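The next part holds the structures, each set out as structure tokens.
Each of the next two complexes has chain A plus one other chain: chain B in the first, chain C in the second.
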Partner chain A sequence: MSLLYDMIFDYTLRNVALGTFLLGLGSGAVGSFMTLRGESLLGDAIAHATLPGVALAYMLTNTKDPLVLLIGAAIAGVLGIGAITAITRTTKIDNDGANGIILSIFFGFGLLLLTYIQKLPQSSQAGLDRFIFGQAATIIAKDVVIIAIVQVFVLVVVTLFFKEFKSSTFDPQSTTVMGFNQKIIDAIFATLLVAVIVVGLQTVGVILISALLITPAAAARQWTHSLKTMVITSSLFSAFSGMIGSLLSASRNNLPTGPMIVLVLTAFLIFSFLFGAKRGIVLRKIALIKRERSFDHNRIMLALDNLAQSHDDTSLAHSSKTIGLMVQQTHGMHRMLKQLAQKGLLIQSEEASYALSKQGELYVKNLKNEGGLYAG
Partner chain B sequence: MQGEIIIIAILASLACVIPGVFLLLRKMALISDAISHSILPGIVIGYLIKQSLNTPYPIIGAVVFAMIMVVTSEALHRSNLVKPDTAIAVVFPPLFSLGVLLVTLLAGNVHLDTDAVLLGELAFAPLDRMMVAGYSVPKSLVKMLLIVIFNGGIIILLFKELKVSTFDPILSKSLGFSPSFLHYLLMLMTSITAVGAFDSVGAVLVLAFMITPAATALLLTNSLFVMVFISFGLAIASSILGVLLALQLDAGISGAISTVMGGFFILAYFFSPLNGMVTKLKHKMNIKHEYALSIILYHLSNHCDAHNMETECSYSHLKEQFSYSERYLKKIVHKAVEAGLIKQKNRVFHITERGRNDARLHISH
Partner chain C sequence: MENINNNIAIEVEDLTVAYHHKPVLWDIDTQVEKGVISAIIGPNGAGKSTLLKAMLSLIPISSGTISFFGSPLKKMRRHVAYVPQRSEVDWDFPTTVVDVVTMGSYGALGWITPPGKKERKLAMEALEKVGMEEFANRQIRELSGGQQQRTFIARALVQDASIYLMDEPFAGVDAATEQSIIEVLRELRAQGKTLVIVHHDLLTVREYFDHVILLNVHTIATGPVETTFTTENLQKTYKGKFNALKGGIDELTL
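Let's turn to the complex of A and B:
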């Protein structure tokens, strides 16, 4: 509870918690669209591409004012997106390759500049370093304000253009037919992407910021088939992971924030993969078992019906062995017959002998009407 | 010392380019990025065993983690939980984070820091030496040479197989080369190369070394064989220029080499004789000029003998008729006069016999 206490009353921790929480809101929302558009790796490329912007902004203005550095980063990010689009449109290099080239060239150039700045006599590079892995502890009230403004802007735009984004994500052709300009929608989306990446840089760092977009979206996808719910869930996942991760990193000296947030996000993701309500592995497994069981049950019911008709006497009980032979299965026969008897579909006449009950006959009749084994 | 740095840089970039060419062509460029990030925890754990990067343990650790990343992301998208690109995007960040965290936690007693992870320390590589046949050589030089030989050996032996499975996996399967075997072989090559190049290049820029020369070469040729050799040439040139640039600026070497590689890519993008932007633009302009010329010739050949040719074939009429700008029309006319297709008398154009033939030729096409 002391962490909660600190979160409310400690100046640094309060900024950190609030800043990373807000950061997650917008990035989770933008990330949802990106995963669905098949652009999960674009965020990574753009994030890396912002590094030379930060370095150049510092070299040109000689200040470490976050606003100036972030504007530099944003310009580099936009250039990166433009370059990727140009390469994929005009050469035979595919999207993946274009992402990789821009990511690595820009980042390499950024590192060249950073190492150059580091060796300059009067200036120290300290402070720019944090853009690589992120340092949540350096967030001050002014940063929180910047983050808040940008995130509110992002969320408002996502809400306003929700319909357009949705349609262009799932069906670009019909978007054009309906009269929306795909290029403008893409440009708006790219602006949002650059905005959420840039404000997250000094907290999470260029290398891992894309995880803040993509991982919560992948997790949210496991819980719902509705885009609106997915965007909201993803935002919340991202926000809470950001907050928990940054608090963990701030609570022990110098744990890098980006990696801590990513590990928390991944924990959410693994949980969602396992237990997600729509796609989760465990629930899928349970559904599979249920389906298999109802399939087996139906086969037994049909077999008994078959036996009853060939004996002209529906009340005659048959041993589980006979039934087993009919459905060519012996494994778990007793258990399944008992389950059916419990449901009242079978009557157990003596040890291990069963016949259809009245209710059972009705069930078989329905089954046949509905189309055989797959019903029920 | 400087010479040794250059040699190590050349070997590192050659080693990276070999798998890079195939990764790029197989549209798997970002898998190599994911691999080079994911191997970090393996390297750290392997490093801890002997407190040195120049033992087999980091390589083993790296290969194990690379395989964890490849297998996990494939399993994720095969189980339909997420799309293939999302699968990669969610698997490598936690592995890399784990590595960074290990590095940070052990920072006190380990000669690995986050800077080394990012940048590599090519400048210090010649300091760590070993004896080979009586000569003292840097350990990383030997290591990179072995990796170049390993990768080079694989592509010399399996060039044909890699080529077929890259461009036509189904044909490759029916010919009896298992595409999935070659896939995993390539993954193995990538991870061994990534870990080898790791301490000289750094985790992030391994991608630049693998992909950029290959992509530049792809812009310059349509033949795989030629592409491989152009990539080698670019890798060598970038390494030499990059090291010199870094020494000049007193900046990080791998960043400088990546920047030079990027410079070559930009040059090829604009000036490639095959499909460069400038080449394309020139081609487009040529077609435009040719069209303008032929339409003028056709007009003149129709009107040259008519009674109203004074007006029809005048300069101002042509300008009005085809709404070309003054400058453009002058340029076209100048060209046509130079080629002897038309003649100009008192601001009226006369078509020559050659011009007439040309016009007929253009129309018949």
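Let's turn to the complex of A and C:
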């Protein structure tokens, strides 16, 4: 309760909660398209590529003004994307390879620069460290404004170009033939990706920011088969994970924010994998059991129909043993026969003997029309 | 002069395509008249799909020109529709059948404008034409191969193009679906549309097509089915492999 109280009345926590919530909105939306485009690693590569930009911006301007550092990060991120594109176009290295190469080169260079800065005399490097693991507690009102502006921009662009993103993600070639220049769509998308990553660096950090893009999208996919719903769900998952994770980190001795957010995201993801309405493991398992049961039931009904026809007497009851022999199954026969009798499809004449009811005959007739065993 | 030009829907001249310096298509020349159904035929690796993609500027070409009714593709985009191979997209994409078919209207809508009721209606009409209206709200991941193919064709119908380029629309579909697809294609022809189709079943060429492009890196022969789809030309196209059909072309008509 006190956390909720602080969130509303404590200046720092309010900024942290608001900032990370807004951060998630845009990154969850952009992340949905990124994963569907099969470019999950791209976000990670761009994030790591921003680090030397932050360091160089500081070295050149000697300020720690977040806006200056973020512009440096954005420039480095764009250069990173350019390098990845150049590698895949001119060599036989595939996307994954190019992402890995750029990620490590840029990140390594960034670390080198940070170490150098640390050794400079009058420099207090503490401020730049936070870009690696993220530190939500450092968010001030001015940062929240920057985050808000960027996220609004991202959400507006995603809404405007939703149709283009959708079509080009599903079928880029046909979209090109229809007159949409794929390079323009890619450039718009890359801009959004760099934007959401750069504004999240200070809070979540270079290393883990891509989790804010990929994980909520993967979780959202478990709940829906509609792209629009997926994008919105992913946005909300990301926003709430960001907020919860950063508040937890800020309230407990300043634990690093990035890892805390990732933990919360993982909880969302595991829950979605298990219980997601469209693909969750638990619900799928239930559906499978239901299907198997209806398959078994159908086998019994067809077997009884066979028996009835060979005796020319539909009302003749057969023991569960006979029926079991017909369907070559003994396990659970009593239970299944009782279930069918409860449904009114069978009539139990005496102990463990069953015949088709009128309703049962109709059921078998429908079953045969619909293609037999697998119907129903 | 103008009249003659207007009768030629597609003209390919001296087209060469190379991957990493190895030619995949070499000096292709062909013309397809307006209002015909044309088949691109050739063995695996002959460059059939590549020819379609080159015509649509989806891959860079090394040399040559391609024109649609005398104009380059850039000026004719609204009049050309493409039906890719089913396997080229991810059918696990989160969307419905009617949504995919509505995508056929995106070109006419242009940038930013979202599809509305009118586009939905066009999509439903196209789905009816291919006999898929009852699947409109299905997830595309639940479709069979034939249903996927008909969804793609419905999307192309929404584009209301004059020229349709299709990559193996009959691949992996059952006989009934094949019949329903060919009926749709014939209806398009009756409306004066031109269709170029990558096809691999030699047995149905005479029944389905008016014109053939026999391809094996080079254009082996191109022209009306009656005069071009001959045993001799097929042997040239398929080289040794065609000997399997000892009776030659006449056995194909069985």
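The criterion applied here is as follows: the second predicted complex is superposed on the first by the 376 of 376 C-alpha atoms of A that agree within 3 Å, B and C clash if a C-alpha of one lies under 4 Å from a C-alpha of the other, contacts with A are read in each partner's own complex, and residues count from 1 in each chain.
Rule of thumb we're sticking to: contacts are C-beta pairs under 8 Å (C-beta built on N, C-alpha and C of every residue); 3 or more make two chains touch, one makes a residue touch a chain.
Predicted model only: the values in this text are computed from it and were never measured.
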Exercise. Given the touch rule stated above, what does A:115 touch, chain B (first), chain C (second), both, or neither?
Worked result: first
For this session: Identify the partner contact of A:99: answer first if only chain B is touched, second if only chain C is, both if each is, neither if none is.
Result: first
Problem set entry | Which superposed partner A:221 touches (first chain B, second chain C, both, neither) | both
For this session: Would you check which partner chain A:167 touches, where first means chain B only, second means chain C only, and both and neither mean what they say?
Result: second
Exercise. After superposition on the shared chain, which partner residues are touched by A:230: those of chain B (first), chain C (second), both, or neither?
Worked result: second
For this session: Look at A:260 in the shared chain and tell me whether it touches chain B only, chain C only, both, or neither; answer first, second, both or neither.
Result: first
For this session: Please indicate which partner A:331 is in contact with in the superposed arrangement: first for chain B, second for chain C, both, or neither.
Result: neither
Exercise. Does the superposition put A:175 against chain B (first), chain C (second), both, or neither?
Worked result: second
For this session: Across the two complexes, find the residues of chain A that touch chain B and also touch chain C.
Result: 38, 221
Exercise. Which residues, counting only chain A, touch chain C once they are in their complex?
Worked result: 36, 38, 160-164, 166-167, 169-171, 173-180, 221, 224-227, 230
Seminar exercise, completed: Note: in the complex, chain B contacts chain A through residues 24, 27-30, 32-33, 37, 76, 79-83, 85-86, 88-90, 93-94, 96-98, 100-101, 104-105, 114, 118-119, 202, 204-205, 207-208, 211-212, 215, 218-219, 246, 249-252, 254-259, 261-262, 265, 269, 275, 277, 280
Problem set entry | chain A-touching residues of chain C, taken from the complex the two chains share | 53, 56-58, 77-78, 80-82, 84, 88-90, 93-96, 99-100, 103, 106-107, 109-115, 139, 141, 155, 159
Problem set entry | chain A - residues contacting chain B, complex | 35, 38-41, 43-44, 48, 87, 90-94, 96-97, 99-101, 103-116, 119, 132-133, 207-208, 210-211, 214-215, 217-218, 221-222, 254-256, 258-260, 262-263, 265-266, 269, 273, 279, 281
